[in-house]
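You will see subunit A twice below: alongside subunit B first, and alongside subunit C after that.
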Partner chain A sequence: MFKLAIKNIFYYKGRSITTFLLTFFSATLFIIFVSFMHGSHKTMLHNALKVYTGTIQIYQKDYRDEGGYDYLIFDNQKVFNSLEKIKGIKSYTSRVETFGIASSKNNSSAIMLTGVDFKKEAKISELKNALKTGKYNTKSNCLYMGEDLAKKLNISLDHELSFVGSAIDYSFAADIFKLCGTFKTGMYEFDNSSAFLNREYFDGLFYSQNASSYIVINVNDLDKNNYIASQISKSIGKDLKVYTWQDLMKSMVELVKVDSIFGYISMALFFMVIFFVILIYGFINISSRVKEFGVLKSIGLRDIDIDKILIYEILILTLSAIVIAICLGGSIAYYFEINPIVIEGISDMYKDYGIISDTVPTDFDIFTIFWNVSLIFSLNILSLIYPIYYVRTFTPVEAMRHV
Partner chain B sequence: MKKLLIILTLALTLSANEASQIIKKLDNNMRGKDVYMKISMSIKSLRHERTMKMQTWAKGSKKSFIKVLYPPKDKGITFLSLNNEMWNYIPKIERTIKIPPSMMLQNWMGSDISNDDMVKQSSLVDDYNPKIIKKDAKLVTIELDAKDDAAVVWGKIVSVINTTHYTNVKDTFYDEDGNAVRVFTYAKVKKFGKYYLPTIWTIKPLNKKNNLTTMTIEDVVYDKGISDKYFRKSALKRFSR
Partner chain C sequence: MFKILINLALKNAFLRASRAILLVIMIGASMGVMVSIEGLYEGMTSNMIDKTIRSDSGDISMFAKEYRLKNDIKYSIKNATDIAKTLDTLESVEAIVTRVKVSGLAQSATKAYPSDLIGVNFEDEQKFGKFSDFIKEGNLSLGKYGCVVGVELAKNLKLKLNSKVVFTSQDANNQIQSKLFRVKAIIHTTNINLDTRAILTNKNRVSLYLGIPETTATQIAIRSKKDNLQEILKKKYKNFDVLSFKDLNPQLTQMKTMTDIFNSITFSIVMFVVFIGVLGVMYVSILDRIREFGIMLALGYEYKYIRLQVMFEALFLGLGGFILGSIIGYLLLLYLNIYGLNLSDFADGMQSFGMSSILYAQIKLSYFTTSLYAILLASILSVFIPLRKIKKLNPVDVIKADA
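Now for the complex of A and B:
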């Protein structure tokens, strides 16, 4: 049967070439499309994590629900000691956030002032690389502020501004700061409302020694993030809670899911067209071969043997097209993962979604390629069901008389 | 049917008028023509407990001035509310800061009362429509719904008022979605001249089980003829000392 199928493939060139090419192009396109879609989503998430969020954060249990100074972590060092013992952690640091009013000569604005260790922060976030003017590692009462916030307050480098808020004992905390550096991460809300102060000075003003709003962690391997988070969870006290980036960035994770769904829906429509084209071509071809199947049946071939011939034909065509598609599509996906496409200005357009780079890489993943081509393969096999059923409806005599 | 409608309309109008009268008398007890108070405030939260003392001067609902006396670290901090605007002077940095309207709902110095409560910008008489919902002897429960055009932070206040001397017993504050947010309870009513005022106010935020703020009014002087000097921006620094 197999030899007969090979012979048929070469004999019915038109149908074979059409099926081969459609399968090849759709599989290649699917591999490339999915790799670009996954690549851009992965980049979006990685960028957002890299900018400020980190991959894991530790909070006092009710901080994220209740907020306020009552729910701070009051013993940073104890948590740091636990983190030192866990493998796979790349870097960590603590942050103390407070909210208050910043006032320049003419303007006031509610801001988030965060006390950070600038050296450790440089290892965990993109704040240092986001420097626009002045200095990053500022000392004493120097502020490192979002560029958009500085514009809103109408101040530039070396200008003074006052800040009024609460210390962590809820007493009044106020000081005059000097603007020493500005940053732009591309995340508008963040750049429009955030300022950073070196931890030593912050602790003196807000009485936050050895306390923090949360501890932020980066891991060496993002794939092991959840495992490391569970290890941390076991090693720290019950009054602390560990959040992974999936918990922290739920809206972005949802956005990526929705975008993927729409991507797959558009691809599904495309595959429907391909499926019916292959089905119609296959059906026309098989209809024209009914007489041939009649002769084969009359010389003793059973229906199952005819089915085998048709299945072998589609299997050979599909598998050969898919193998070449894997080689071509996979190579393209791999190439663009290493050498991403650069689209000038894309980061400006999508900055609100955490895009901070103009590059659009692919995501080369063998498993994804495998399920992509498996889907194409399944569709091609499905396209044979009706033609097989159609051929089976003929008796040998009817088939031989078929015109 | 017509008669019934007329009686119903008349009853509603009379009820609204009565509610307005009660609220006006209550507001008059709280504000007088002008009022000076010395207040002690105890603030408790999950991990902290602190006491503050302050003096306040107020004239009507548009002018008020506050000076913090205790703790020593915060002594001399002053607040001025004038025609729906609020300023704050901090002696440590010698700066006057305008508090944006968006921050009027923020907690005042770590307590469970807001900036708006401290300066009493919003007026029960001008900003809310009162309606009697329950009468129990001398205790009248009035629902105050925010007027559509009023710049107030609460959607609704349900106030229990003792009509013996027109003083508050309990206020429940609701947000715009109708959720109860906090409860004020009042105790120890005292007479100051011709006015009656509860001297212990307890504030319980309903979303923070461990928080409690208690205000004790230690001294009150009504209708003293407070000078307008307190209600100028220059007063922030001048009376800070």
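Now for the complex of A and C:
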């Protein structure tokens, strides 16, 4: 049967070439399309995580719902001691956030002032790498500020500005700061409204010793993030709550899902058309061979044997097309993962949508490629059902008389 | 003769019913899904553009020079109400509004967030962009201290109807001022800047708060369909920045362009595959009847009539597919136009990135006319290769060979 199928493939060249090319074209297109889609989504999420969010955050229960100083973590050290015992944690640090009005000589702006441990922060976020002017690890009343915020306040390095806010006991807190460094992460809203102050000075001004708005954690292996989050959850007090990056960036995760849905809808259209063309070519081919099947049946072949010939034919054509598509599509996906396409200005254009990089890499993933081609393979096999049914409706005599 | 040709073509086109039906289903299903995807994507981007025009930029906006760069009320249009009155007399101006905007810090009982206080005239806004359509909760009976807030800002500050919110910013004299508001309505415009940052209230109150005359505004927004109005205004008001919607929202303009390009690529690929499908069916159909054509030529039937007949056959198959596709496409578009594609499961994500969670499709006659031309073209082109086969026929050889 197998040999007969091979012979038929070479004999009916038109159908074979069309089926092969369409399968190859659709499988390659699918691999490349999905790799670009996953690559851009992954980059978007990872960049956002890498820049500031981290992969896990710990909050006092209700902080994220209610907010305010009443829901701070009031014993950082206790949480740090628990984190030390958990394997897989790369780094962690605490942050205290407060909002207030910063004023330069002529301008004022609402800002988020965050007290951080600059050394620990360098291990967990991209703040240090985002340095544009001045220094990162600032001491005393030195501020490390978003470049866009500094522009908005019309100040440059060593200029002074005042900040008015409230300490964590809700008393009035105000001070004069000096601009010692600026950063640009590419996250517009962040660069436009954030400033950082060393933790020691911050604690003195806002009475936040050993307290924090939240504790941020990075793990060694992102795939184990949820497991580590559950371990942390078990080891810390019940008054604290652990959030993974999927919870923290719910909006972005959802947007990525929606974008994927649209991507798959578009691909489904291509597959539908290609499926029909393969079905039509298969059907035309098989209907023109009814006489041949009649002869085969009359010399003793059963329906199942005819089915086997047809299945072998489509299997050989599909698998050969898919193997080449995996090689080509996989190579392209791999190449662009290492050498991402750069579209100048895309991050600036879509800054409101969380895009902070001009690079559009692919995501080379064997498992994804496998399910991509499995889908194409299944569609090709499905396209054989009607032709097989059609052939089976003929008796040997009817088939031999078929014109 | 022509009538006979059409009758023959019609009969032959559907002679092999299964084959013809498969082809018609392929064209119909592909076209139906394609036009509905096209309508949905276009509906999504058009909806975002429409709401941004209505809620913010208008078709043209005027700002004082430097305002957009410095975002400072010092750079405002001093005699804005007079300019607006003058412009309103122009026949090409459909609606006009003046707004005053200042950036600052919004604080609820427990949270603080950077925001913009925008002074508007709600009656004018209603005429300008049907402002009431954006209201998600509450109403515009603001009273003395009422305000309207963006849906994302409300979420961030945990604001509900009647919640108190304090806005703090710098006034025109560089003094820090605070004002208390009570939330009377929450709006969802799908314009990220408004949804995440806006506190809207009556313009006269904002003017009073900022210490600027009521005639002053930071923006004059104009609704107009006249193409060259921007150029006219640029010449007339050389001291102002006169910007079109496209200048102000390049990302939305590019999104629309990208959608158009994507739809065109999808359309071309689908039509190419449709072409391959019709080509296959027509080729086999001609091969099946090669003896018939040989006899026709031997009887003196001119080649040009055979060519015309074959073309009509392909056109009938294409038309059959188009009719089915139009029915499927129209029904799908109608459903998506009335009920929309409900993505409420991802509402948070879509809302924070300025999208509506229910996407409504647009229905345009051009989707169908373009498809009709493309299908007819694909059908006509698909017969050229089979026709070459007939043209090369030697009638005697063909009759002998198949006899």
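Heads up, the rule we're going with is that the second predicted complex is superposed on the first by the 401 of 403 C-alpha atoms of A that agree within 3 Å, B and C clash if a C-alpha of one lies under 4 Å from a C-alpha of the other, contacts with A are read in each partner's own complex, and residues count from 1 in each chain.
Here, a contact is a pair of C-beta atoms (placed from the backbone, for glycine too) under 8 Å apart; a residue touches a chain by one contact, two chains touch by 3 or more.
Because the structure is predicted, anything quoted here is derived from the model rather than measured.
Evaluate whether subunit B and subunit C can sit on subunit A together after superposition, giving fit or clash.
They clash.
Examine A:Leu269 and indicate which partner it touches, taking first as subunit B and second as subunit C; both and neither are also allowed.
In the superposition, A:Leu269 touches subunit C alone.
Under the stated touch criterion, which partner chain does A:Ala174 make contact with: subunit B (first), subunit C (second), both, or neither?
In the superposition, A:Ala174 touches subunit B alone.
Where does A:Glu66 make contact in the superposed view: on subunit B (first), on subunit C (second), on both, or on neither?
Touch partners of A:Glu66: subunit B and subunit C.
One more residue to check, A:Asn106. First (subunit B), second (subunit C), both or neither?
It touches subunit C, and subunit B stays clear.
A:Val164 contacts which: subunit B (first), subunit C (second), both, neither?
both
Go through the superposed model and pick first if A:Ile284 touches only subunit B, second if only subunit C, both, or neither.
After superposing on A, A:Ile284 lies in contact with subunit C but is clear of subunit B.
On the superposed three-chain arrangement, identify whether subunit B or subunit C touches more subunit A residues.
C
Should A:Leu255 be classified as contacting the first partner (subunit B), the second (subunit C), both, or neither?
A:Leu255 sits against subunit C, while subunit B stays out of touch.
Common interface residues of subunit A with subunit B and subunit C?
Subunit A residues touching both partners: 66, 68, 70, 101, 103, 108-110, 164.
For a test of understanding, state which residues of subunit A touch subunit B in their complex under the given definition.
Going through subunit A, the ones touching subunit B are 66, 68-71, 74, 101, 103, 108-110, 162, 164, 166, 169-172, 174-176.
So in the complex, which bits of subunit B are touching subunit A?
Per the stated touch rule, the residues are 43, 45-48, 50, 68, 71, 73-74, 77, 88, 90, 92-93, 95, 97-100, 102-103, 109-110, 207-208, 210.
Help me check something: in the complex, which residues belonging to subunit A touch subunit C?
14, 18, 22, 65-68, 70, 98-101, 103, 106-112, 152, 154, 164, 189, 192-193, 250-258, 261-262, 265-266, 268-270, 272-274, 276-277, 279-281, 283-284, 287-288, 349-350, 352-354, 390
Give the list of subunit C residues in touch with subunit A in this complex.
Residues of subunit C touching subunit A: 16, 18-19, 22-23, 25-26, 29-30, 33-34, 37, 41, 70-72, 103-107, 109-115, 158, 168-170, 174, 176, 192-193, 250-251, 254, 262, 266, 269-270, 273-274, 276-277, 280-281, 283-284, 288, 343, 346-355.
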